[in-house]
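The structure's right below; bear with me while I get my questions together.
Order of writing sets the labels: A, B, C and D. Residues in every chain begin at 1.
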């Protein structure tokens, strides 16, 4: 698995000469969350340098965006951040809608918000569950999948797919929620609130978990901005920034005004501000905020049309637009350029994981190998999106 | 097995021995912890509470290819990864099996036409035993793929000579 | 006939087999063949024992983990998957025999054998029943501790010879960890040894026979330092057997599979068998020194009904010990599927900085209690 | 601050390399061929001055674009001799965004790296470099990031021809 290369020699106290090893982590390694590879230089257990290697899942999404029609590209958006496909659909749809200037029916906005927030919970469940797995706790991961499975069933009822939905379309959503769906979402929220407490008790405040994650991988606010981090990565460092509030899209301005949700921030409760624990904490707390948003939408949803009148073959007006939305992992940006034709000229995806991962290189030196795993886990990357 | 492998004529004894060995092998197909893309999430779902692949004895996910029997290629394979997949496959001890999970691993899937780095099917790199359709396949589909693999293992000849096909 | 052999207590297993064989030996068999055969049979029984324990434990592990995680675990191989270990075993046995390129071939092959042999040797001192054991050693517990710590050599060899860095990391972690936790493990056992006044497992068990289980050493009225000692002992055996939260040598999310990364098939299963056999063995040691050994209501009843020389008494005692052993194994599994993993520096800190001084303090307190308080306690002098 | 405000501020600070601006507009009813332009406004900046421009945007106390969100390129068409490099900036303090574009000739696609100003640009520039064949001078680690090291061609240019095989694996 690891190729051996003798590297620089370093002299130690007591004249013990040691050699740094180069350890190859991945592409098939349980801690890399997919197929990332990290070339680590290690002095015994201590990591002295790390270099992430990407591209093991490069699927040419941007090239495809320049070759298929606007609506046909939607399924590809599902597949780069496959844990938060609803949010990807939303980001892409918003970008195209911005160029087209379509008015979206209110019910569609509500359903979009419900789906995006449920998907955010699902994504954070996997993020937190696999983080537990990285730290060595296997069972919480399965508990989280248990709840996620219910969520998958909910999505399946509304759009027929479990993972790659293509449900949020340009102009609205694919179809209306089936009868009884909204009340089932409400039941899910009730149950989830109880279960959420279980995760907190089982893992979040577990002494070993805290010891493993507090004071590890500290990202200072200045560093977070310099690296262009976003989402829970910056909020973990105490920067009060959430696109849903600060650059609202869809209904979020209204929801924020109604006081339906707040923005959890890392406070450095268990260690230094901006450590791995803070990031995990932000994710866990965000799940609850998402539940609140879903509840607000459930309370105020009214019947109506769910999709604007758009032609089968879209012709998007010439121009270019950038739309950034708050994906579970941070700012998911879509930059689309149109020349007025059926096909995009450029369809750029700014993946949050891609940018967030860059900071790993900086955080690793000086940590133990076990900490390196904790740091990679705390960035919560989805390789489909780092590589696209 | 070596010396004994496929050395015996088919009779009651060898058939029974083969049946027993095959039964043991099919009840204990250990997959490798190896997810590539979207399908990997459904593969994780198969391992988790709702679907529980461990019921079939295939729940012992091994992180090291040396201890795994089954490689579930769950997701899109690109050229950069293909060489690693080949290497992982070579590191597994035989008998080893491969399930191509999902459209991408089967034949490039949605990335067939414009995916310049995508390998159009993992069978161009390693031999595949079972193809599972779907994008991504439902967990039930992967379970069925596993059952198909078990059927295939049950029919293989271990110590008896393989039936001649003209 | 076997009944008679067994009822002639005290009897060792090997001697019993020897005597039995001598009794039925045909004329043409030379006399020196008898003890050899007896030893062979004894070794065979031990190996079978290890295999059965390991197989049952793997099944138990998968079922326990399954039920903790809201699923079933193996269900298709026989009733509730009870044939699962058999299927796994046969499959592993028939896997391709791999030696990685660049591996030190001799060491690579020998390492799993050493690992398994050391735990087999330790099991020689494990009494199956009060009247059936292979070696009634006066220093039984030291023999067991010494033998089980030999596994480290095998593990380090495995890690070194595999020519893989993950293996090397696993091996180094194992070495560091075992050395650190041998100390509190040994020291924490000193208090029950002091109370029992013996290193001999059978005598330790006999010392806890009275008072309907109320003089098991774990009870605070026997010696209040016993409970902390047990906690220390339990933490130490978790580390010794590489179980979570101390499963660093094979930490899956960090080191792939640790020192066994490059092992496959039957060689790999040796490591596996060693792990489960060691878990069981340490649990049994814990049962002997803290939880009354062979003693239980079942044993007591069997002794009352059949007398303490009868084969059924021995069976009851053996069964008691097996149940206690697997109770410990179950507890270890429960912890494994609940807790996250600690980090290597935390393992070392815990071992050297906290467990060792605490164990020493317990020994000091326990011995003072033994010297000054125990003599005036009526129930300690009955 | 809205786009006009940002533009005025940059003009007042004499931002290095600022060429002009492009804003969305409705179609001119008089001109049949003009379809107008939708979407976001952006600034044209000289490619060679981009790092200095970004530095100014970052350090100006009324702009404070401290976050480089994205850096990418666009190939407008096969016939166009130029590539466009597109930068998205974000100010957390003032909650405004800015899109900056530069033109770069395809024949000599080389521009200074922005990594000294924003470390976030590091991976984006690597990706941009391999996908469009742009050389960022002064980049600390100009390797391929998504494509294999020995990959030939720049996939996101419009004239890219898909490969036939790679390391013996057929692509067709």
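Things worth noting here:
Just so it is clear, contacts are C-beta pairs under 8 Å (C-beta built on N, C-alpha and C of every residue); 3 or more make two chains touch, one makes a residue touch a chain.
On a predicted model such as this, the values are computed, not experimentally measured, just so you know.
Central chain by Cα centroid: A, whose mean Cα position is closest to the mean of all protein Cα atoms.
Among the remaining chains, the Cα-based centre furthest from that of chain A is the centre of C. Note on chain placement: the centre of chain A and the centre of chain C lie 46 Å apart, centres being C-alpha means. If each chain is reduced to the centroid of its CA atoms, chain B and chain C end up 37 Å from each other. Averaging C-alpha coordinates per chain places the centre of chain A 24 Å away from that of chain D.
Look at where the CA atoms of chain C average out and do the same for chain D: the two points lie 65 Å apart.
In chain D, the residues that reach two or more other chains under the touch definition are 147-148, 155, 160. Taken residue by residue, chain B touches two or more other chains at 33, 48-49, 63-64, 80, 116-117, whereas all remaining positions touch fewer. Shared contact sites, meaning residues of chain A that touch two or more other chains, fall at 1, 29-30, 55, 58, 60, 63, 142-143, 146.
Across the assembly, chains come into contact as A-B, A-C, A-D, B-C, B-D. On the chain C side of its complex with chain A, the touching residues are 65, 68-71, 163-166, 169, 172, 244-245, 247-248, 251-256, 261, 337-346. The touching residues of chain A, when paired with chain D in their complex, are 54-55, 58, 60, 62-63, 66, 98-101, 225-228, 230, 239, 241, 246-247, 316-322, 324, 331, 333, 335, 337-340, 345-346, 348, 350, 354-355, 357-358, 387-388. Considering their complex, residues 24, 35-40, 42, 66-70, 72, 74-77, 86, 88, 90, 92, 95, 97, 99, 118-120, 122-124, 127, 131, 144-148, 155-156, 158, 160 of chain D touch chain A. By the touch criterion stated above, chain A contacts chain B in their complex at residues 1, 27-30, 34-35, 55-60, 63-64, 67-68, 75-76, 78-79, 82-83, 126, 141-143, 145-146, 148-149, 152, 162-164, 383-384. Within the complex, the chain A residues that touch chain C are 1-2, 4, 21, 23-24, 29-31, 44-45, 132-139, 142-143, 146, 202-203, 206, 208-209, 211-212, 368-371, 373.
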